[in-house]
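Two complexes are shown next, each including chain A; its partner changes from chain B in the first to chain C in the second.
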Partner chain A sequence: MKDAKTRLRRTMMFVPGNSPKMINSADIYGADSLMFDIEDSIAITEKDTARLLVANALKTLKFHSETVVRINHPTQTPFGMDDLKVILPAKPNLIRLPKVEDISEVELVAAEIEKVEKENGWAEGTINIIGAIESVKGLYNVREICKHPRMAAIALGAEDFIANLKTQRTKYGIELYYARSQILMAARDAEIQCMDTVFSDVKDMEGFAAEVTRSKDMGFDGKSVIHPKQIVEVHRIYTPTDIQITKALKVLDAYKDSIENHKGVLAVDGKMIDGPIVVRAQRIVDQAKAAGVNVEEKREQA
Partner chain B sequence: MQLNKDCILKNTATAGFEEKNDILITVEASNNDDITVDLTSSVLRQYGRHMKELITATVKEAGFTGIKVTAIDKGAWDYTIKARVLAALERGMK
Partner chain C sequence: MINAAGRDIPEQIKGIKDIKLYKGEFAYTPSTVKAGKKIRVGIPHTDKILENIDASIEKIGLKDGQTISFHHHLRNGDYVMKMVVERIAAKGIKDITIASSSLSPCHDFLINYIENGTVTALESSGLRGELGKYLTKNPQALKKPVIIRSHGGRARAIEAGELHIDAAFMAVPACDHLGNATGRKGKSAFGSMGYAMIDSAYADNVVLITDNLMEDPVYPYSIPQTDVDYIVKVDEIGDPAGIASGAIRMTKSPTQLLLAKYAAEIMEQTGVLKEGFSMQMGSGGASLAVAKFIREKMEKQQITGSFGIGGITGIFADMLKDGLFKAAYDTQTFDTAAIESIKENPNHIEISASFYANPWNAGPIVNNLDTVILSATEVDLDFNVNAITDSNGICMGASGGHSDTAAGAALTLIVVPLVRGRLPMIRDHVQNVVTPGDSVDVIITDRGIAINPKRKDLVEKLQGSSLPICTIEELQKIAYEFVGKPEEVELSSDDKDIVAVIEYRDGSIIDVIRKPILD
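So, the complex of A and B:
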């Protein structure tokens, strides 16, 4: 379960669950997570075929990325529980629970997961949950929702959320600022990950990069994406720069030296170093390693 | 996937689409216990036998006999063929 809460999730790409063509090619773009959607992108008349297609794909194909299935809501729609019956035996890494508003909905999905894990002799925590906050009610309950032990991550689903707010998306994201902040703080309090919402205008890469930078600066672990070309941009923004890595290594080396040699006040390049700076430095190094950067090489160059 | 209901086809049913990498499957009850497959595919010569065997095995594993399957293939992979056959059977039981 620790891995589910800490693994690299810079990008979570939506893949329509009833498109064999898109499912076949989904794994080649390098997204950290693939989210097969059998909810909003699927017509009501095709829910049955989509869930079978995704389940058979998961059982048959080997995906390098983390696999996530966005099911229909288990109580607000007549499809969600049937989705779970078909999808869970196919062993996705995560179930994405859309429009989550109450802890009881997480508990319902978690109970189904537990049942399937026991039936198949899988370890507890084989399948976990990412919830999506898409309403004001959900936002008000987000702290309790995040603390359920099956929750590995929480996401913001902006389109429904702004409809609920009776407003519209702007380039600056003022309408989502409070929700993003609240969800992020609930995630950090529960020690789970936090994913930002999609950016729908795939032609506006400049606007996309600006939004990803803002959400990264806020503290989000990653971004939901709807087009393969958005993946490269997110990974670029989420990979620490050489300067950041070198500085972080200096801080960590100095900290290690101070511990080993019982030194008191610690300074690097004339600036005092305290606990939070060491934590941030470690996070930068961890992100760089996760992104495939040869950190030891950077240490030698420093 | 094993369908956990009485495996009797009540209606002719279809699943899938005539789109790239997909397959349109139609299932109907036949007059005998045989499972027959009428397959149209641009790769019939190379993969036709494998596809027919996969469709037949999927119908059998789901617990059905006496089924005529009509398949129009557009380059579907095995998992898609299986999923579309199961979906058509499931729809035919309703």
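So, the complex of A and C:
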């Protein structure tokens, strides 16, 4: 369970659940998580096909990335519960619960998961949940939703949310600022991860980079993406700079030295180091390692 | 007889006099001298311009059993071969060998002339379209198998006298009244005349066919008047849309871009990407998309390359213009943007197919390549590459400069998706070998990268790399996990069913294409 709440999740790529070609090649672009969609991108007449296709893909293909399936809402649509019956035995890492508004919906999905885990003799927490807040009502309940033990992460689904707000997406995202902040606070309070919403204009890489930078600065753990080329950009932005890495290494080395040699107050480059700075330094080094940076080489350079 | 690429070559092949087995990249040392064309006397103040193609056929005295040649600079927009073959047939001339530098789907009309006995043999770099399918299914329609040569191999065969051309019918987008011709001017401009330069220099008779007969002297020229016997003016030599389509765009396919990114990374991590390096890219897909990533790396690291070879596209012409490379050597200009470049940029240099890749001269430019990025129809566990037949054994591609550049380049990278449709692209043995594994260093797929174990230096350099490096066997296993192992294509073992002989660039036989037995 610990792993589901802390694993690297810089990118979660949407993959339409009715496209064998896209499902087959989804894994080669390096996304941290793959989200197979059987909800909004699938026509009502194709729901059963997509559900079966995704389940079979999960059973037969070896995915390196984390696997997530976005099901249809279990109470607002007639498909959600059937989705769970087919998808859960295929053992995805996460179920994405869209348009979550109430803790009871999480409990409903969690109960189904628990049943399948027990039937198959899988450890508790084999399958977890990422919820997506897509309405004001959901936002008002986000703190309670995040605290359910099956919840590994929470996401913002902006398109439905702004429709609910009776506004539209803007370049700077003022319309989403409150929701992003609230969801992020709730996630941090519950010690789970927080994913930002998609950026749909795949041609506008500059606008995309600006939005990813802003949400990273706010504190989001990662971004939902809809095209492989967005992955590279997110990972670039989420990779610490050389200066950040060497500084973080200095902090960690000094911290290690102070623990091993029972030193008291700790300073690096004349600045006092305390607990939160050490935690932040560790996070930077972890992110760098995850991005494939040769951290030891940077240590030598430092 | 088993050759050095492990292929079984029959002891006798109909129509092939001297069977030389492939023994390795540089196994043969020629002891002959260069062939030459028939000597003629130019009579002062005679007019080379003839009324029509019929007149040119009469003037050169074309006979049954002779060999005529064409170039493929007009690609899929070529009108000229059809014009000429129609008139030859109308005159009742039979048993003609067509030696074209390549063949495109626009040459499917040849089927009719093969069936009526006008054309009885073909020599080409490639075989595609309906003609490819027809000959694969009916190898006995011709009196001998098609001879497939690489671009360098064809130039070599002509210069060594193995391919003797009785008459070269050369489409030219512009020429003057004396026969000086260029590919840079006119409505049918196609840029470099790299293939045509060889045919014109060695054919016994040279007829230029143009839709742009210029009053003023043409200079610079690619074919000189001293090689030209006759000129025929026609309305159009080709369909501009088929000759060169706008500017070739970079692929948007995420898979192709991933392959290209891996290729660029390999170049960087093996130390190829350094000041003064040289390279050849392809003209489409992943092998062209490498330009995007190489450009980014060159600009970031402030590296200037020495030269590029091609197959030049607008994408490479832009790199030349932007100072990223100092020269572009061009045998074949691929798009309108590159045609503009060869007209305007003095560093965009036209070269002949012999200068490009003929293994039997003192210095083809491919010998100085640091790296080449090539595609494939399939590859195998021995790193052999097929570029001519598909997975069902049907002829649908071309040898092109594949084996030439692979032999010349210090680092040969093959980019190929691991699975196409439902077929794994890493076979136990490729359907046909165009480029031997001896010349191939790295195979890059979307799910992993395999280094030829013979290249211990590369294995060492890429140790600890973050790239997904594995063995070729592991790659094949991944492919099989997705789509299973396909059944082998059953081939006819009858020697009469040999569709084509694939010559290696030195004229030895690297493989034969046999007729598949398909349901």
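Note that the second predicted complex is superposed on the first by the 302 of 302 C-alpha atoms of A that agree within 3 Å, B and C clash if a C-alpha of one lies under 4 Å from a C-alpha of the other, contacts with A are read in each partner's own complex, and residues count from 1 in each chain.
Rule of thumb we're sticking to: a residue touches a chain if its C-beta (ideal position, glycine included) is under 8 Å from a C-beta of that chain, and two chains touch if they have at least 3 such contacts.
What you see is a predicted model; the values in this text were computed from it and never measured.
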{"item": "Contacts of A:Leu52 with chain B and chain C, given as first, second, both or neither", "value": "first"}
{"item": "Partner chain in contact with A:Asn24 - chain B first, chain C second, else both or neither", "value": "both"}
{"item": "Touched chain A residues, chain B compared with chain C", "value": "B"}
{"item": "Chain B versus chain C as contact partner of A:Leu61, first or second or both or neither", "value": "both"}
{"item": "Chain B versus chain C as contact partner of A:Gly292, first or second or both or neither", "value": "second"}
{"item": "Chain B versus chain C as contact partner of A:Arg280, first or second or both or neither", "value": "neither"}
{"item": "Partner chain(s) touched by A:Lys229 [first = chain B, second = chain C, both, neither]", "value": "second"}
{"item": "Touching both chain B and chain C, residues of chain A", "value": "24, 61"}
{"item": "Chain A contact footprint on chain B (complex, rising order)", "value": "1, 15-16, 19-22, 76-80, 82-84, 86-87, 90-91"}
{"item": "In the complex with chain C, residue positions of chain A that touch it", "value": "24-25, 28-29, 61-62, 227-229, 292"}
{"item": "Residues of chain C touching chain A in the complex", "value": "254-255, 257-258, 419, 446-447, 466, 481-482"}
{"item": "Contact set on chain A toward chain B in their complex", "value": "20-21, 24, 48-49, 52-53, 55-57, 59-61, 86, 89"}
